[in-house]
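Working notes for the structure below.
Labels A, B, C and D are assigned to the chains in the order they are written; within every chain, residues are numbered from 1.
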Amino acid sequence: MHPGRYQGRGTEMMPINARITRIVDETPSTKTFFLGLTLDGKPGQFVMVWIRGVDDIPMSLSYPDAITVQKVGDATSALFKLRKGDSVRIRGPIGNGFTLSGKSILLIAGGVGAAPLAPLAEEAKGKKIKVKTLLGAKTGDELLFVKRYRSAGDLQTATDDGSEGYKGPVTELLDGLDLREYDQIYSCGPEKMMSRVLEVAKGANMASKTQFSLQRYIKCGMGICGTCCIDPSGLRVCVDGPVFSGETLVDSEFGRYARDASGRKVRL
Amino acid sequence: MHPGRYQGRGTEMMPINARITRIVDETPSTKTFFLGLTLDGKPGQFVMVWIRGVDDIPMSLSYPDAITVQKVGDATSALFKLRKGDSVRIRGPIGNGFTLSGKSILLIAGGVGAAPLAPLAEEAKGKKIKVKTLLGAKTGDELLFVKRYRSAGDLQTATDDGSEGYKGPVTELLDGLDLREYDQIYSCGPEKMMSRVLEVAKGANMASKTQFSLQRYIKCGMGICGTCCIDPSGLRVCVDGPVFSGETLVDSEFGRYARDASGRKVRL
Amino acid sequence: MDLTTDVGGLKLKNPTILAAGILGTGAASLKRVVQHGAGAVVTKSTGVSPREGHPGPVLIKTEHGFLNAMGLPNPSYHEFVRELEMAKGDVPVIASIFGSDAREFEEVALGLSKASPDAFELNLSCPHAEGYGATLGTDPRKVKEIAKTVKNAVDVPVWVKLPPLANIAEVGLAAQEGGADAVVAINTIPAMAIDVESGYPILGNKVGGLSGAAIKPVALRCVYELCAALNIDVIGVGGISSWKDAIEFIMAGATAIEIGSAVHDDINVFRNISKGIMQFLEKRRCTLDGIRGVAQK
Amino acid sequence: MDLTTDVGGLKLKNPTILAAGILGTGAASLKRVVQHGAGAVVTKSTGVSPREGHPGPVLIKTEHGFLNAMGLPNPSYHEFVRELEMAKGDVPVIASIFGSDAREFEEVALGLSKASPDAFELNLSCPHAEGYGATLGTDPRKVKEIAKTVKNAVDVPVWVKLPPLANIAEVGLAAQEGGADAVVAINTIPAMAIDVESGYPILGNKVGGLSGAAIKPVALRCVYELCAALNIDVIGVGGISSWKDAIEFIMAGATAIEIGSAVHDDINVFRNISKGIMQFLEKRRCTLDGIRGVAQK
């Protein structure tokens, strides 16, 4: 997790033009864009998506050939306006991605954080690894990839308003589990949620068996500009991450603050 | 002989530092410098030799690992001052080189023009091709590589002052030969001498079976600057040559004029 | 698909032009380049008196381009005028000229006019010949004066070739005010290399100019800024070796492009680029005019 | 073999320095670079008020280098002063600052002085932020004024970072007259790239700056000319990624070197270059001082 020389595949890849072949409405706030090309990526890796004339933003691979996007601002709104046949420019896959290991794994996903974990669940199933997923969202119709998680293994859901599954934060579902049954725990979602997962895992002496996919402001996505570096290790989310072991994140800025586009610290 | 895309090997080679391992006095005006490295060159190809702080000049390979230099001006004088252990920077091999073909060949060399033909004679001998050489120089002690030519086949010499061999231009030795006995004729030396060879060959309907190594002012040695281009084909001596078929040279500037460093035409 | 291009007062059958100083020493090699598809050719820069140029090495290949310090070798216009005469033929021949001031530029232009070149390209940008070139090209007043003087002296189009500058648009405007029919950008970027074995600068002249792939993004930026600021044609040059490069320049707003260093890898680069542009336009079902300057929007 | 280097008023354990704007947003990443062997580190350039920077893409890889238009994102000196404090440690930390005039430079320098940086580097050369940077760095009078103002305001060494210019020695002399302890050359070269699929300039800001291998010969020429003209130290930056590159700059006369884009391929580049220099010197049985500037002779 402290590579001197970045080994990630793909950052050398020249950007390519990707024509949108299919758009799927996943939830009221998210859509999946199929890109008509299979990136040689692994779950947890991401691509930089250039919406021409607007911005260049990081998006995880939710399928080998697709990204799943939540509309939150300028660039994602511009993306939502694109139609089948329109194109974006893609660079990637970037970053390390999740490392699959063990015989039984636990996934904890919140909101659009379900995007990078879904292909991991499927890869695990393909390798006959037992998969259990805890999936959370604000409301029932915002639960992302329910079918994919269900067909990959066991699924438990939670919503803030109780419109589906458990009513409350998805992390509370952890109380009912014995974490030691899992060889590896993977999580992606709002950072407050993930830091709660790390806390629980630490309590069970399992911090070294957790992997978290971090969201930080990404500018260059090439390990050069320093925008995405985390305290106190100075590791770069874009090329040293975005996936970090819980051990690396203990006593870090994780769950406490992040930096905005100007580099200013922002409380989470 | 009219390649649209330059095929010559070696121009892509980065210059390398060559330490002089041995210096051999060949004649009062020429020395051979062994460079301690075997260039993957063929007879007739040349290298650009950078004598640091002085100039960068073209020199044919006289051995796989050596150049044989006649002292004529600034750069060659500077080269003559170098000692064993000193170094020059070498780029090459450059150009097309001679094409060996047939069962019996004739070489006509004048002065330091004997340098690129000697390795050709040896290569021919190795391939059991019959070699006959006509070697000319001003005086007997200026005859270059007599031993090498003799051991490669049959040798006849000529000197301007008659101090050795025939007294007179080496081309007059052609009168005693039946050119049709030879499958290919190779020549290197003063251009007036070579143009006489072409004339004789033309007379015997053999122009298409001759190969001449031209000396033109070489600046870039990369086919870019145009200094070495010949009329009327516009072919570049440095990368399209330096070896041209007599057919290409008939009705050209060959034997009549060349250009100096400024591009001005100079009568030969 | 038609690649005919009107540029800087000339009509070209395609927009690829041989750059100055590349295979431009004699009529024969200029004609050979025409055979390989160039839409026009620019000669080696000629001045008032013969120059042998700098000692070697005069051109080296770097990892990402070429470094040269030829030193403006030329036989003077007195001698070159005959070569120019012979060079004329199927495509326009543009005479590149240099001088130390407006008067010298005028003298060379008048001297070469006897051979009726199709246009003149004023080299205001050679980075490695004391007193010539880049020192003139950075000064808008001098650029305007020289352009005006030559323009008044000759009756064919006058192009002004510029050095790469942070404020290139300003200098381009000066050329336009001087009456230039087009500007050509860019010449090489002042640069050097050192031999770590010996500590010697490798070029005989120590400092030279960088050309080839390495400078393409810089040339493209210059062309983009010139096209935004000027009304006259802009001709792009610098690191162009493929049809994609050419399209980038045309999208930036260039009317035509010149090709220099890329002849090293392939003297047929002119034909190949024309072919590539043609295929690109056919696939898109559009024309050169249709894509020209789209990046300005 | 000792690589200790006195440069621009600082003592470094080796002559490799992290360049401004590279992994320099926070104390943590600066420290990580120190762990990888840097002899000193320069922070991201900081100004008077927070800037988010330009929209993306802000950095693209070209065939032979990188193009960036970050747009000087920074949280302002008010916020950055704390980060700077934490960054201090084993090796000198140089605070890079920018402003639109001498007064702003002074304000930022004074503001950051609370964190006691070991030196200041004045960014007079950012090519893609309106009103800042390169427009100042091309004007010798402004360069002198800004250098002098900051030098009078602080009591640590002041370095001036220059844009690539044809007349860089002139601007370097102005910095020296202003009291600079060293000049740093070069910043990126204004450049751009266009997406041929769509005709869009690729960088969010359209125009940006070229860095990396492509610009090495240009940077080397700038350093060579500065070393010939100035008495103060010259720090070379631009396209350095190997010990050979570093030796070229030192032979040109540079006292130390900065490394930017090369961290992309290898964040351990600092240690590797130091090792390579060491081996080179050992083989030659000479010292850094022994080879420094040999190309000037």
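Rule of thumb we're sticking to: a contact is a pair of C-beta atoms (placed from the backbone, for glycine too) under 8 Å apart; a residue touches a chain by one contact, two chains touch by 3 or more.
Fair warning: this is a prediction, and the values are worked out from it, not measured in the lab.
Asks: Quick one: which chains contact chain A and chain C both?
Replies: D
Asks: Quick check for the class: compute each chain's Cα centroid; which one is farthest from the centroid of chain C?
Replies: A
Asks: Could you put a whole-Å number on the gap between the CA centroids of chain A and chain D?
Replies: Here chain A and chain D have centroids separated by 35 Å.
Asks: Centroid of chain B to centroid of chain D, CA atoms only: how many Å?
Replies: Chain centres of chain B and chain D, defined by C-alpha means, are spaced 51 Å apart.
Asks: Quick one: chain A and chain B, Cα centre-to-centre, how many Å?
Replies: Each chain reduced to its C-alpha mean, chain A and chain B end up 68 Å apart.
Asks: For chain C, jot down the residues that touch at least 2 other chains.
Replies: 200
Asks: Indicate which of the five shapes (line, ring, star, complete, other) describes how the chains touch one another.
Replies: Shape = line; chains linked end to end, path left open.
Asks: Per the touch rule above, enumerate the chain pairs that touch, sorted by label.
Replies: Touching chain pairs, listed by label, are A-D, B-C, C-D.
Asks: Provide the residue numbers of chain D that touch chain A in the complex, in ascending order.
Replies: 21-33, 36, 44, 50-53, 55-61, 66, 68, 70, 73-76, 79-80, 195, 197-198, 200, 202, 204, 260-261, 263-268
Asks: Residue numbers of chain C touching chain D in their complex, please.
Replies: 62-65, 67, 127, 134, 138, 163-167, 189-194, 196, 199-201, 206-207, 210, 213-218, 220-221, 224-225, 244, 247-248, 251-252, 280, 291, 294-295, 297
Asks: Give every residue of chain B touching chain C within the complex, in rising order.
Replies: 4-6, 11-12, 14-15, 17, 48, 50, 52-57, 87, 89, 219-227, 229-236, 259-265
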